[in-house]
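Below are two complexes that have chain A in common, paired first with chain B and then with chain C.
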Partner chain A sequence: MKRILVAVAIVIIAVIASLAATAGGALGPLFDGVRSLAEFYLFNVFNAHNATLTAMSPEAVTSIVWDYRGLDTLFETVVFYMAIIGCVALYRGIELVRDGPEVGLSRIVKTVTKILIVVNIAIAASIALHGHLTPGGGFQAGAAMAVAPIIIIVVFSRFFLMKRGVTKEVALSLRSMGLLGIALVALIPLVAWAATGTVAYVMQNQVKIDSSFSFPAYIGNALVSGSLIWYNIFEFLAVTFGFTIVFLLLSVDEKTVKNALRGEEHEH
Partner chain B sequence: MSISPIDLFLGNFVLIAIIGTIAISLYGIVAKPNLIKKIIALTIFTDTANVLAIIIGFRKPPSAPPVFIGNLARPPSLEELRSFATIAVDPLPQALVLTAIVIGMAVNLLIIFITLQVYRLYGTVDMRRVRELRG
Partner chain C sequence: MADLTMVLLAIFAGISLFFAYLAISERNLVRALIYSAVQSSAFAFVFYLLRAPDIVLVYVPISVGIYPAAILFLIRKTKEVEEP
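On to the complex of A and B.
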């Protein structure tokens, strides 16, 4: 009873404070407009008339993530990489056996899941491949795609996934391929510099003031926004399989883990 | 165009609610001895901080998402871009929040793994008891 009273009191105080702030005219200017930095991004993101500042993408968020602030994202991907490596390191010495009983939930749940997984994969792929045109991108698509393995693990069991080839090692190598792809796309301008002699910079997308290098913004009639689509695809791969590894590790039964921990103690 | 008093009130209420939620979640992180409850408070804290960042990039109506809508087969004209830049919300906080969410998810997973390991080794997730046990 007392807790409810405290909660009601907090809500009343918040309402009174907001009324006072409104009457005082507070925070009105906050929503008046966006900062000039935002207007710079919005005006230049798809501005082919200003070729040295554009990312050639209608999606401002993806352009900032992979072009204007690309190096930030690169290092954030490194943080993601390290976190997954930390999880894998905590499970060192624990072997994930492939064979086991495929138990899982009822036939109804399994059938519904089979349909939903297809839809899930299609949606995730569209988020990744359209990331430079509509809201979305590699990160979001990877997070959406990572739902598939966790649902499969819950509904069908871990062994269902592992018997069909999605093991920890496969996921680790696919994730590394994604990260390698990101690194390669970032370094392609340097390769082009070495090959053609025109100056280019790491993670460059479109032409810059003293560099004529540019990823193709259009392939045929399709807008691919230069390097953005490639970053999205490789990030999709990295995030999907990064989370898959973690979910596989989390689904290891307690007995196996405890045996492994006990084994470590005996050795010392 | 000026913002209506109702919208202004709601905006202020949301901001005050965010500040309150941040305060409560920080209290949860510091004061709760249970590691799982600490993690829950931490996720509430990061999500609230993300909402705050998004709200700072908001702009009063008429506003639109920071995605250019139009014919994509050719680059748009300067007039189209100017009208887009005058109504779209700030994309920078959204870009930062986007990566913060995924990185937060990965870091949360790492913390959960460590908590799981603590539970397996000590048989409890209560920090007061873990401190007494000393390995």
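On to the complex of A and C.
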């Protein structure tokens, strides 16, 4: 009880002190107008009249992430890729058995989960496919989607997921498909350069001053913002199945892992 | 001056500070993890108030779903209560 009193006192003092400091202007003006950097992006992200600087997407954050600062995001994806590869390498040689007892939690939890999983998948898909229109994007959608396999593993068991085809191999190949897709979309301008001889840059989205290459901003009447929707969809695949692999591996029981490790030692 | 946004920011930051303290001082690891998830939820509100909806969308599933799940798997492989 005494510990909680100390915590409450610390929090109240911190809140009052920070409120007083902020009200006194210690942090400078917050929420005061738009900074010049933000002004540039807000003016240009969806501006068909300024074709050489636009990303043709009303979502400024996704435009910056996959167009203006596209290479940064590409290397972030590489970091994520290496982390998952490290995890898979740690579990090498451990066979994931597909059949096993599906114990799981009670019937109430299972029923609620069945309903929530559908909602989860729908929300994740909408975050990914609307990533170039509303807040969200490939990584956000992948993170939201990755919650589904985790909940299924906890509530139903790992075998429930694997019997229905979501095995380590399937997840690995789907993730590789996502990464390959990202690489291909980044390299499509080079294909255009080879085919027609027009100047084009890697990861280019819309036309530039010296380049007439451009991804189609509209397909039919739907705004797809050039390459942004493709990056979002492939990143969604890569992140979803990257996390799925990690959780399939983490849920392997300790005995299996230890037996596999012991087997390795005997060989030497 | 301190308008409504500032007051809400202070409240959610205060909640997160409180639960961060509880998470650090708690010896039962599962309970500490739940405190940590509550602290993350407060942070999600802070991000929303700071007008970063993109960060909120990635922060909620990571901090409330994936991170506690990963830590729970790890806790299962050790002891539930931390020894002094």
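Following the convention adopted for this analysis, the second predicted complex is superposed on the first by the 236 of 268 C-alpha atoms of A that agree within 3 Å, B and C clash if a C-alpha of one lies under 4 Å from a C-alpha of the other, contacts with A are read in each partner's own complex, and residues count from 1 in each chain.
To be clear about the criterion, contacts are C-beta pairs under 8 Å (C-beta built on N, C-alpha and C of every residue); 3 or more make two chains touch, one makes a residue touch a chain.
Since this is a predicted model, take the numbers as computed values, not measurements.
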> Counting only touches as set out at the top, which of chain B and chain C does A:119 meet: first, second, both, neither?
Replying inline: neither
>> Looking only at chain A, is it chain B or chain C that touches more of its residues?
In response: B
>> Is A:144 touching anything from chain B or chain C once the two structures are fitted on A? First, second, both or neither.
In response: second
> Does the superposition put A:37 against chain B (first), chain C (second), both, or neither?
Replying inline: first
> Is A:61 in contact with chain B, with chain C, with both, or with neither (first, second, both, neither)?
Replying inline: both
> Which partner does A:22 reach: the first (chain B), the second (chain C), both, or neither?
Replying inline: both
>> Looking at A:14, would you say it contacts chain B, chain C, both, or neither? Reply first, second, both or neither.
In response: both
>> With both complexes superposed on chain A, which partner does A:187 reach: first (chain B), second (chain C), both or neither?
In response: neither
>> Per the contact definition in the header, classify A:135: touching chain B only (first), chain C only (second), both, or neither.
In response: both
>> Quick check for you: in the superposed arrangement, does A:202 touch first (chain B), second (chain C), both or neither?
In response: neither
>> After overlaying the two complexes on chain A, where does the chain B footprint on chain A coincide with the chain C footprint?
In response: 10, 14-15, 18-19, 22, 30-31, 61-62, 135, 137, 139-140, 143, 243, 246, 250, 254
>> For the complex, give me every residue of chain B touching chain A.
In response: 3, 5, 8-9, 11-13, 15-17, 20, 56-60, 65-70, 72-73, 75-76, 78, 81-82, 84-85, 88-92, 94-95, 98-99, 101-103, 105-107, 109-110, 112-114, 116-117, 120-121
>> Taking the touch rule as given, give the residues of chain A at its contact with chain B in the complex, in rising order.
In response: 10, 14-15, 17-19, 21-22, 26-28, 30-35, 37-39, 41-43, 45-49, 56, 58-65, 69, 72-73, 76, 79-80, 83-84, 86-87, 90-91, 133-135, 137, 139-140, 142-143, 221, 223, 239, 242-243, 246, 249-250, 254, 257-258, 261
> For the complex, which residues does chain A have touching chain C?
Replying inline: 3-4, 7-8, 10-12, 14-15, 18-19, 22-23, 30-31, 61-62, 127, 135-137, 139-140, 143-144, 146-147, 150-151, 154, 243, 246-247, 250-251, 254
> Of all residues in chain C, which touch chain A in the complex?
Replying inline: 1-2, 5-7, 10-11, 13-15, 17-18, 21-22, 25, 53-54, 56-58, 60-62, 65-66, 69-70, 73, 77
